[in-house]
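Letters are used for the chains, namely A, B, C, D and E, taken in the order the chains are written, and counting of residues starts over at 1 for each.
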Amino acid sequence: MGVTSILFWSLSALALISAIMVLATKNPVHSVLWLIVVFFAISGHYILLNAQFLAIVNLIVYAGAIMVLFLFVIMLMNLNTATEPKKNLWMKLAGIISGGSLFLILISVVRSSVDMSQKSALVKDGNIGLIDTLGKVLFNEYTIPFEISSILFLSAMVGAVVIGKKN
Amino acid sequence: MNNLVYLIPLFPLAGFLINGLFRKSLNKPLIGIIGSGAILASFVVSLVLFFQVKSNGALPVEALFSFINVHDFKIDFAFQVDQLSSIFLLIITGIGFLIHVYSTSYMHDEPTEHFGRYFAYLNLFVFSMLLLVMGANFVIMFIGWEGVGLCSYLLIGFWFKNNNYNYAAKKAFVMNRIGDLGFLLAVFWLLAKVGTVNYHDVFTAESLAKLTPTDITAITLLLFVGAAGKSAQIPLYTWLPDAMAGPTPVSALIHAATMVTAGIYMIARSNVLYSLAHVTQNVIAIIGIATALLAATIALKQNDIKKVLAYSTVSQLGYMFLGLGVGAYTGAVFHVMTHAFFKALLFLGAGSVIHAAGGEQDIRKMGGLKKYMPYTHLTFLVGCIAIAGMPPFSGFFSKDEILAAAYARSPILWGLGVLGAAMTAFYMFRLYATTFLGSFRGTHDQEHHLHESPAAMTIPLVVLAFLSVIGGAVGVPEALHGHHELHHFLSPVLTTEVAPELGHSTEYGLMAVSVVLALAALLFALNKFSKKPELGEPTGFGKVLANKWYIDELYDAVIVNPLLKFADFLKNVVEKSGIDGIVNGVGRFVQYLSRQLRLLQSGQVGNYILFMVLSIVVLFLVFWNQAIILQFLQKVF
Amino acid sequence: MIPSLLILIPVIAGLASLFIQNEKAAKGWALVASLATLCLAVAGACSHRVTELQADASWLPALGSRFSLSMDGMAKMLVLLNAVALPLAIGATYKNSYEKSGSFYGLLLLMQAGMMGVFLASDALLFYFFWELALIPAYFLSSKWGGEKRIQATFKFFVYTFAGSLLMLVGILYLYFKTPEHSFAIQAFYNLHLSDSEQFFAFWLFFIAFAIKIPIFPFHTWQPDAYEQSPTVVTMLLSGVMVKMGIYAVIRWLLPVFPAAVARYDHLVILLSVIGILYASLIAIRQDDMKRLIAYSSIAHLGLMAAALFAKQQVGIQGVMIQMFNHGVNVIGLWIVADAIEKQTGTRKFSQLGGLAQKAPGLAILFVIMAFANVALPLTNAFIGEFMMFNGLFRHSIWMAAIACISIILAAVYTLGMVQKVFYGNTAPATDHSVDSSLNIKLMLAILVIIIIALGVYPQPMLQLTNDTVNAVLAKIHSI
Amino acid sequence: MPIQYYIALSVCLFCIGIVGVLTRRNVIIIFMCIELMLNSVNLLLVAFSKMYNAPAFAANPASTVGIDGQLFVFFIMVVAAAEVSVGLAIIVMMYRNTHSIDVNFLNRLKN
Amino acid sequence: MNAIILSAVWGVIMMFSSILFKNKGAFKYIAAIGLIVLTVANIANTYGCDFFNINTHEMLRYTRFGLFFNTIAFLCTLIYVLLSGKEIEKHGNYVAEYYALIFFVLCGVSILTSFNNLLMLFLGIEILSIPLYILTGSDKRNLKGNEAALKYFLMGSFSTGLMLMGIALIYGGTGSFQIDVVRSATLFGTFSGISFLEVAGLLFMLVAMAFKVSAAPFHFWTPDVYDGAPTVFTSFMATVVKAAAFIAFIKLFEVRIADTSAVINWGMLLSLLIIATLLIGNITAVFQQSVKRMLAYSSIAQAGFMLFAVFSLNDFAKEGLILYAVAYSLATIGSFAILAKMKDITFEGFNGLAKSHPVLAATNTIFLLSLAGIPLTAGFFAKYYMLASVVKTGHYLWLVILGVLFAAVSVYYYFRVIQAMYFKEGDAQAEDVTPGFKIGLIIVAALIILVGIYPQVVLNWLYF
């Protein structure tokens, strides 16, 4: 059990626990905070996999921007108290059962994909996750999707204006 | 000269078309002249042909045109005039003419339009009947066969305002159709096995060789079903008495003299086949004698003058079938002829009586007509004697020939036949005595109205009476030192006729017994009814007879009503709830399913996503177990 | 050339008629157009030049479908029937007035065009096209101008037949992919060598479509409702011509293509048909509605045709051929009378009718002749057909023929019952003030009566017309 | 690290996200759970990217095999950001009209 | 490339035009010009003239099939804009922005017809979806619109999550995002070179694509969104967008289904989807009271038919899909254009339309007949090709039979509208029907009939 293993397991545990907490807490604000914890854990994993750029972007975009936006909206709507009405117990149960069965199925897919059993991810090492390498590839081979995603932003922007603005 | 053959049916057809199409613009005398003239012309041509046949033998068969001609299926529109058909031609056109003449007077009170319609129908009937007897194959015969049924239907329902008459007409047609079904099937059978329906081709050795005994029995039985329908034999006889709803001359022409004898003609025509089918012959003989007796018993207690005559007709037809069944084809044809004379006479006489009595048909309200209507009375009496089989009137010879042949086959048949003959004498003289003897029992108005009929009616009566008297001359048996002209004349056609081998003494004995018995019955009836006619309602067994053994009721209860109930069941249950129910049910099921399925769309996003997730699970499960599912599917399909 | 014109004239006339506002003009236009078609049909029936009787043009090359029409004996006869039916129907109802008559007559003409196409097409896809094209105008006609319950009844009719024809489409596709050159041409279908199991499967796809159209028991329930609810002109075309499409299709597309399947299932089909004959006849006996009675009678007659077809005998099929024409003529006559009576008295119920013979003797006489043609009395046209069909059936199975023959008795019962209840007896309140029908109706009926008698006495020309077709079909059937 | 651990982890997170979507009624939390699902995918992609990089890296340290996985993650983040902006706008709009962010409240459209 | 870039550019132009023009009516024409430009540019591209010679690194690949579909999409949009432009103008002050969004959607469509990389698929679908979320919610005051937008958004994002999971798993299994990945069995040493991960990923992709084309049981968003969205935008969503999703679907699975058929029985899975879709779509539509909602369900049913193409994946399927896209889009655009004019969109609201607006009724009848697949309309050949494609495979004939039976069911609800218009009494009311609108409808109807008689007119383009 090396350092990487310890880090991996502890980060995984953190991610899972806080993910569950996202669902479990009644207060939306707490949910947001737990989600941020998940994001941090995932960023930790990225760092472990030496995907430094993504780790940072993940923190900046998700934890920093998106979650703040969520928080902002929640505050705006004054929903910081646990006002959510109870969902039908049966529905909850059905949700958990169906989610759980999907989980079991996916796990069995993983277990039965024998080709993966010998594979492992390169941890701590490798340089494809570095901003230098990524940037080169992104602006050489991935220019088209990159540019196209700008259209996406444009439309999202227009949308936000159209919908958000009061008439 | 052979073109004359075509003229015979052409005249009545022309008469039918002219009278039918222009009935509104012609006047009554003209209609009468056209109608009667057409038949007279046919009669004259028939006479010419008859003599040709008599001297030269049968005329060659020639096709007018090809009626149906497909590949190996060939039916010609062809006429055949030979000994048998020429006799029938004479009977049909001759008696037909007399009845036409009679009708001009009898139907005189009808409006012009209906008068024209009447004569058109009569002409059409004669046309059909001529087709029936002249056709050179079974299909043409069938055309005439159904044609006469049609005319019978039209004429029975002539007074179409009266729904009872309409029912009677419909009954006649449907009953005939049941018979026709048998006829048709026989024709199909012949066509399927022999491949032809021409008499010339069917009655040859090589054609008959194609038929197994079963085939022959089946064909002859089916043909007999046809004959039973048309000639009113058990079990299809009930339409004939009801058919008396038509005008009386129609009853005389169609339901006594001509149409009902079509069955006899057909069987006589097919005698070659019948002689090969003993089972059928026995069936015919038994049904014939049974019909003769059953109808005779019913006739004993009827009070409607036409009904008595109708049952008498059925009974006489039974005799004819008895003759056919025992192989006395000539005898049957002979009886057809003589019966045509005296039954036409009797019906016309009855018509004359009804005419005089202002439409009254119940003999209990008549009586003593002798003094009012001398000609009618006298001719009627001749008819009664003739039908009772008193020598030397015509009925004696023909009936005797049949009875003799029956005796040769089985004495029991003969005994029953004689019993029937006695009953015939009894009820005919009961009728005669009740109607003409005694004193008049109707109202004063009716009595005032009584008169002898005009000449147009009485002349045919006289002619027919004459024929009834002398008609037997053509068939005087050898035992009575005759030559039996008819027998010799018909022998080329009736090739399978078996002359009964009875000694002359036996024949004398048989004649004597039947004549004595009939005479006894005759005298008994005359004695009983001339003074004290039976006026009340019959009781006990008489009631059963008066109600015709409740046969009509039986048919209604056993066949008609269940069938109608069944049809109702089909219409209301099977069709509506069953088949249509399934069709509509599919529609309703779709709607029901729609109502249920739309509930899936609950409006809740949570549910939607839940369904999606579950579906993913199912997809994966299917994928996981695809081999098992495939195996299962292969097993199922 | 002639086949194309036979379709084009009604199509163009029909489309033009949709825009005619004036009622009289629309009627006249439709009558003229239909008479023109009739002339052309007669010319076609008399012609023997192959070039005149065929049309072939490229249509969908990629699909292997061509716009090919041909007119053999059977097609000639049915085209003639179709061409005769419309002018008769229009003529007999000339005095009726229809709301938006331009559309009414336009749709009628389009329907005629569709049926023409069905009879002429020798390409399966084209055939399917026309098959539906005939149906849709009928649907609109019945739904728009029909009786009280028209919407449900005609919709049932539409969906039922549409579902059937979709199955046929699947069958056509199936065969199409079996042809080596991927073609819809009828000859390609005829030349197919399908295995038995393939035939058994595809047979049903076609058969159900045709069985619904014919209709064969138990696929018949759309028919009485549709006939009852449609405007009578449409009913005339429906029962006079359109149901013949089913029989026609069996002869042209089913028997020669699936000989093995036909040999295997013929007993079943005959059994169904014979059951249908008796069933429909019995129900007809208990009908109180004139239109429904005629409808059930029609089912019985068509059942006989189906049975005779599957008996696969020369005589029987020949009989079916001529009976297609005859039944068309006769049933149109019956509908004309039914319509005349309904228009006059406002009812079709026997219980409210009676005694019309006194008021309308001309109509009565013509109708009685029609009625006797309906019961196949000899020397009427129907006798020829039924006689031959029973013969064919008899050669196939004695018992089936015997049972089917019972229908001639039942036919007499219900037909005469109808005659009696409508025309005989005393007048009823509904018929008290009736008068004899107008001249146009009598004229049309007289024409029909002449056809009935003429064909009943001398059917040979008609039989010869279809002789070749029958031989060809039989050769295909017996080729296995 | 064996790749299966990573797969299992992200599948686990993914399913937690799904369960969250199914069990919560608050639209915002549902939305957050969807974001959680996206993140689990991101993690998976990065892991795979490193998995494919491993043998190539051993052969040639400059190899960029597997880099497309990480770039994909980048694009997912981009899209997620855009989606969030639109999504939140819609949620706000809805809140303005109904003063509720309960999904069960959304049932005018049904059947 | 022409289409993608120009549609994005024209979207921007539309946004700027809102500054330049104050008259709402003008935007319609600018958009129309843009669409004509797009069409011309795309046709030029089809015949080998690409204005922007950019190395796409195999992420996009242009095929005649995809480019031709672009043309169809642009032309349909053009018709849509011309017919329904007035209706768009009624929805608030952001007319130019709506048009911009429509152009962005078209950009997404263009990407989806040419993607060769899962990343482009993902981006394309997102570019397609996000403007649609907005358009759905564009009627801000309308609670139904809000609800529809939120539902659409939530479920759309959820399906995006599923799709991404699928993409990730496929990546895990193959190591590439290219859809025509060259597999080497030796690399993994697993059976047949197919990793279970890839198969699982494909299943997720199947689900995501099924969601986009609204195939049951992933269809649930469709009725609610189509119903809740402003009619004019439903029309767009239900036609061009849906057809584009199908093109993407078939592109994605064209190679993969054949590749992986040793491991997974796609026929069975797809037939399950098809049956469910046909069943839900057709049956549920029967009971609807609102024509709009009926059309929503009917679009599910139509999707069931289009799935036949994915099922059979042969030349008939692709040609058929093109034809289906044309037939279905034209008819639906026309039908929705009329629906948008109606005062009352329940079935009763159509009662007697034939009297008050004969042209509307007649053209609507043709549209509905086409949707029902009646011969002589384009819809017939569309369905015909779909059925033919399955028959050609020689298996699953029962699926075809089931399909036609459901087609017969579909007649029921389409004809309910026709019955209402023609055979029922009522005073159906339609608002501001201009002569231009009528002419437009007649042209669309004529096109439908033309394609119905001579479908070659469309298909020839695919090859020449």
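Simple rule for what comes next: a residue touches a chain if its C-beta (ideal position, glycine included) is under 8 Å from a C-beta of that chain, and two chains touch if they have at least 3 such contacts.
Everything numeric here is computed off the predicted structure, so don't read it as measured data.
Common neighbours of chain A and chain C under the contact definition above: B, E. The minimum number of touch steps linking chain B to chain C comes to 1. Annotation of chain B and chain D: jointly contacted by A, E, touch as defined at the top. A simple rule picks the central chain: find each chain's mean C-alpha point, then take the one closest to the mean of all protein C-alpha atoms, which gives C. Note: the chain lying farthest from chain C is A, by mean C-alpha position. Distances between chain centres, each the mean of the C-alpha atoms, put B farthest from chain E. Looking at which two chains touch through the most C-beta pairs, you get A-D.
Averaging Cα coordinates per chain places chain A and chain D 5 Å apart. Averaged Cα coordinates give chain A a centre that lies 31 Å from the centre of chain E. Centroid to centroid, with C-alpha atoms defining each point, chain C and chain E lie 43 Å apart. Centroids built from CA atoms put chain E at 77 Å from chain B. Within chain C, residues 159 each touch two or more of the remaining chains. Residue positions 119, 123, 126, 130, 133-134, 137, 140-141, 149-151, 154, 158, 172, 197, 200, 223-224, 412 of chain E are each in touch with at least two other chains. In chain D, the residues that reach two or more other chains under the touch definition are 3, 7, 14, 17-18, 21-22, 25, 30-31, 48, 51, 65-66, 68, 71, 75, 79, 82-83, 86, 90-91, 93, 103-104, 106-110. Every pair of chains that touch is listed here: A-B, A-D, A-E, B-C, B-D, B-E, C-E, D-E. Across the complex, chain D meets chain E through its residues 3, 7, 10, 14, 17, 21, 27, 30-31, 34, 37-38, 40-41, 44-45, 48, 51-52, 65-66, 68-69, 71-72, 75-76, 79, 82-83, 86-87, 90-91, 93-94, 97-98, 103, 106-110.
On the side of chain A, the complex with chain D involves touching residues 4-5, 8, 12, 15-16, 19-20, 22-23, 28, 31-32, 35, 38-39, 42, 45-46, 48-51, 53-54, 57-58, 61-62, 65-66, 69-70, 73-74, 76-77, 79, 84-85, 87, 91-92, 94-96, 98-100, 102-103, 106-107, 110-111, 116-117, 119-123, 125-129, 133-134, 137-138, 142, 145, 149, 152-153, 155-157, 159-160, 163-164. Across the complex, chain A meets chain E through its residues 106, 109-110, 112-116, 141-145, 148-149, 151-152, 154-156, 158-159, 161-163, 167. Within the complex formed with chain D, the chain E residues making contact are 118-119, 122-123, 126, 130, 133-134, 137, 140-141, 143-144, 146-151, 153-154, 157-158, 160-161, 164-165, 167-169, 171-172, 175-177, 197, 223-224, 227-228.
By the touch criterion stated above, chain D contacts chain A in their complex at residues 1-9, 11-26, 28-29, 31-33, 35-36, 39, 42-43, 46-51, 53-54, 57, 61-62, 64-68, 70-71, 73-75, 77-86, 88-93, 95, 101-102, 104.
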